[in-house]
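In structure tokens below, several structures.
In the two complexes below, chain A is the common chain; its partner is chain B in one and chain C in the other.
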Partner chain A sequence: MSEALLELNGLSKAFGAHQVLDGVSARIRPGEIVGLLGPNGSGKSTLLNAISGFLPPDAGRVTIAGTDITARPAHVVTRAGLARTFQLPNMPTRMTTREVLRAGDVAAGAPRHMLRRTGRDDRIDALLEMFRLAHVADLPASSLSGGQKKLLSVALALRGSPRLLCLDEPTAGVHPELRTEMVRILKQAAGEGTTLLVIEHDMLFIRQLCSRCIVLDRGHLIADCAPDELEHNGAVVEAYLGKAVQKGKTAR
Partner chain B sequence: MIQFLFDTVIRALDLALIAVALSGVYSLIKFPNVALVQYSVTGAFLGMLLQQAGLPLLVALPLSAALVGLLAMLFNVLLFERLLEEGSAIALIGSLALSMILSAVFLLAFGPAAYRFDLPVAPAMRFMGARVTVHQLSTLAITLVSLGGFAAILFFTRLGREMRATATNCVLAAASGIGTRGVINATVFISGVLAALGGMTLAMRGSVSIDLGTQMLLPVFAAAILGGLGNALGAIAGALVISAAETFVTNTNFGPLFGQDFLFAPASYAQTASFALLVLFLLFRPAGLFTSEVNRV
Partner chain C sequence: MSDFLIHVSAVACLYGILALALNLQMGLSGLVNFGLIALFGCGTYGAAFAHLWGWPPLAGLALGLVFAALLGLFFARLGDRMSEDYWGIATLSLAEIMRLVFTNEQGLAGGAQGVSGLPVTFAALPADTAALARLALYAALLVVAFVICQRIARSGFGLSLKLMREEPQLARALGYDLARSRRIVMVVSSLMAAVSGFLYAHYLTFVGPEQLMSHETFLIWSMVIIGGIANNWGVVAGAILMQFALAYVPFVKDWFDVPSDFVAATRLIIVGGGILAFLIWRPKGIFPERIGGSHV
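This part shows the complex of A and B:
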């Protein structure tokens, strides 16, 4: 097995008496697109928060390309090459869509012109085009619809060409036609060297995008297999997938 | 009229420095720090002590401001970071308590007397018909340079961009790689510096006593709220409106209204003007003079 880009070792987290993550271990290799599945409340978002530095785990270790980032502050994890989106993307209230994308380079020490209100930038224009946000580029980002905010947050995360991109339900509220487009964009990003970890409930999207899935149930890792094998996995079917497979089939 | 404008501007400058500090910190950590007015009193006393220790005024002022900035950061790390974990209401109460404690410390150290900077007495000059003192002009210079410097940091430096990003969305800022804790502490430091400078410019034109902070509390809050709490530069506009109202109340001859030759409102009524404006704004425009934010649910 080649060296893992992301390695989780016995990650645990409890909120009071509620054990949300219980000794989760996993490895993700460079260039992989991995789906993170599980029923509601299974610990997916908590796992993402623990990886990205927004929630220190109680126990366990997280490494990116061999560097220990366990419980490091979010900005340190981001500088180590991890970008993420949020399930409910709140956007800045006083910045336009274009400004939000420009500010995405703050951490990398962007040249000053990137953060000015006006002025063009080819890459940002391309991202706006790609995510069909060009017509709202100069509107306040907080005035976008829920789906558009999702698209903007994915564009923002892709903006810095991260080594590892973690997406929390990227297609929720997004038009079906754009989901197919998003699969293409994310596969292209993976082709350019970005590794992806994607939380998603849409099984069709997962099948189209991911090469591997890991499944959580009540804080335990219960499966690690290809998307097509999920429906034959007894533990997964029992925990969750009975419903989800049918949903995926009807969607097709 | 020129005199009215000038008095308004000078009064606004006192308020603006502290109100900008209050609003700037609020934009990041979402609680109004009452103790800021005591930081300005600390700055004034400290500046005076440094001057008495033999430092020239031009050294004593910035040194005192920097020390108060550090003190503000210390309080933030030791006190407010912890209190904020419990919520902004708790932090507000904590800042009120800190303000009272600082006030008590001043009373112990300095007693109730008023103190002055050791400044040469300069006769008032005439400028377009208005009376102007050298100390008023130096206040004007210090405030304009400080506010200009703050605006330059906010809009033209990396720290300023990070401050704006953190203020608009702290979580997204952290996810973009901004060290939000460091940004907040840098802003708290700047707020301490501005508040201390505000206290010192006030003391340079009059005196400083332990109740200066309490006197400033209401007009400073009113200015910050008028400007839109969290909109640092809006606080300057808020300060101008408040001081115009205060100057109007204290400088206008209300005599003719009541069939007398002269009737001036006592100076203590100035506070009434800022309080009345504050109430009106809270009722009709609680988000301040400038509302540009769009929030979609």
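This part shows the complex of A and C:
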């Protein structure tokens, strides 16, 4: 069996009496593009938070390339090679888009560069072009539209060429044409060695991008299959549509 | 009159350094510190202890810097454990505790009476020259502090501080260790505040707990808010402006022949009213932060 890049072992998280994650186990191999699906409130974002150090899990283990990162602080997880975006991509009001991208280079922001002025950076220009943000590069990042903020957050996450990139609904609010572009960019990143875990509700995007899907429902992993097989998976259909609807649909 | 101008300018320079220190914390990094005066107090009491123990003044500076770095680290440490608003309250409380300890412990640096008779800086020079030399020294140190703050603000590290200020979650996701950033900011700015305190002690030749009253912190806040939060030019301008405004209150009193209570009250009104008026009508201050200023 090939070595997993990301391995989750029995991850659990409860908020009070609400068990949001209940023993989630999964393996993602290097180079895979995995979709993480599930109805609203099924625990997808919580799972990502538990993996990326933003929310310590109650139980279970997370390893990246064999390194245990369970409940490690977020910056440690990031430096272990995991980059992530947020479902709500809030951006600062008193920094420009370009400055945010520049701040994305942790090495340049390291304390030993305290007195070094930031210079031009060709990689930033390339990212701005790639994500069609060049015309808003010098505007406050918070003034970007919702879709543009999504694009900026993906650009930021890609900036450090992470080993594992976890995206929380990267295309919500993004124009269809740019979505196709995003598929291309993410596939390119995968070709360059980045493994991807993508939370998405858009099935077309998932089909275009992912080789494999895992599905969460009320904190349990209920499916692990190819995107094409999802609609034939009873558990998945039931999770999304509920039993009654499924019967109604068969009757039609 | 000229002596008076020199005096006001000298004190304005020392406050300018404090305003830059607060701006590094609050303006650039979003660390809302209501206990800044305690860090200044590390400098004044460093000088006081050195004087009491018969150490040379420079040993007092070293002592003050060590006190300030430790207290700054402690402040930063507290910041790891609580949200921003509570941190502000905690810093205010700590500064008050420090003041109360120095007020009530008679055995500690003279208690409420404080310590007097510290040597004035450049005492060997003739009085006129010494006054000018002090002003020159303070102005030079203000420039040094300014350059350091400006360089930090325009560096990659400064960008990471701005990100921490506004979107700490994003900063963490990008791999920044916010606790470490806070520690660095607190130590650098605490050292600046302590230098200012040390010089102030050897300027007034007196150190006492009433110099640590919380309204001193709010005076520095008013300089930052009025001058322009996160604009180093602005906060220095704010310090000079406020210092001169306050210095001329007694003259106004004389012109209008009003009672002496007027002076203290008017100072409070200028500070409090200034903060309020600017927060309401011009929250970015006279010189607003330059957004995108890091790449020009």
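Some notes on this structure:
The rule we apply is simple: the second predicted complex is superposed on the first by the 227 of 252 C-alpha atoms of A that agree within 3 Å, B and C clash if a C-alpha of one lies under 4 Å from a C-alpha of the other, contacts with A are read in each partner's own complex, and residues count from 1 in each chain.
Following the convention adopted for this analysis, a contact is a pair of C-beta atoms (placed from the backbone, for glycine too) under 8 Å apart; a residue touches a chain by one contact, two chains touch by 3 or more.
What you see is a predicted model, and the numbers here were worked out from it, not measured in a lab.
In the overlay built on the shared chain, the residue A:D138 is in contact with chain C alone; chain B does not reach it. Looking at the shared chain after the overlay, A:F86 reaches both chain B and chain C.
Of the two partner chains placed around the shared chain by superposition, chain C is the only one that A:T96 touches, whereas chain B remains out of contact. Once chain A of one complex is fitted onto chain A of the other, the partner contacts of A:A74 extend to both chain B and chain C.
Judged by the touch definition given at the top, the superposed model places A:S52 against both chain B and chain C.
Taking chain B and chain C in turn and counting the residues of chain A each one touches, the greater count comes from C. When the two complexes are superposed on chain A, the residues of chain A that touch both chain B and chain C are 52-54, 73-75, 78-79, 83-84, 86, 90-95, 103-104, 106, 108-109, 115, 140, 156, 160. Interface residues of chain A facing chain C in the complex, by the touch rule stated above, are 52-54, 73-75, 78-79, 83-86, 90-96, 98-100, 102-106, 108-111, 113-118, 120, 138, 140, 153, 156-157, 160. Partner chain A is touched in their complex by these residues of chain B: 156, 158, 161-162, 164-165, 168-169, 171-181, 292-296.
Looking at the complex, you find that chain A touches chain B at residues 52-54, 73-76, 78-79, 83-84, 86, 90-95, 103-104, 106-109, 112, 115, 140, 142-145, 156, 160. For chain C in complex with chain A, the residues that touch the partner chain are 148, 151-152, 154-160, 162-163, 165-167, 169-178, 180-181, 184, 230, 289, 291-292, 294-295.
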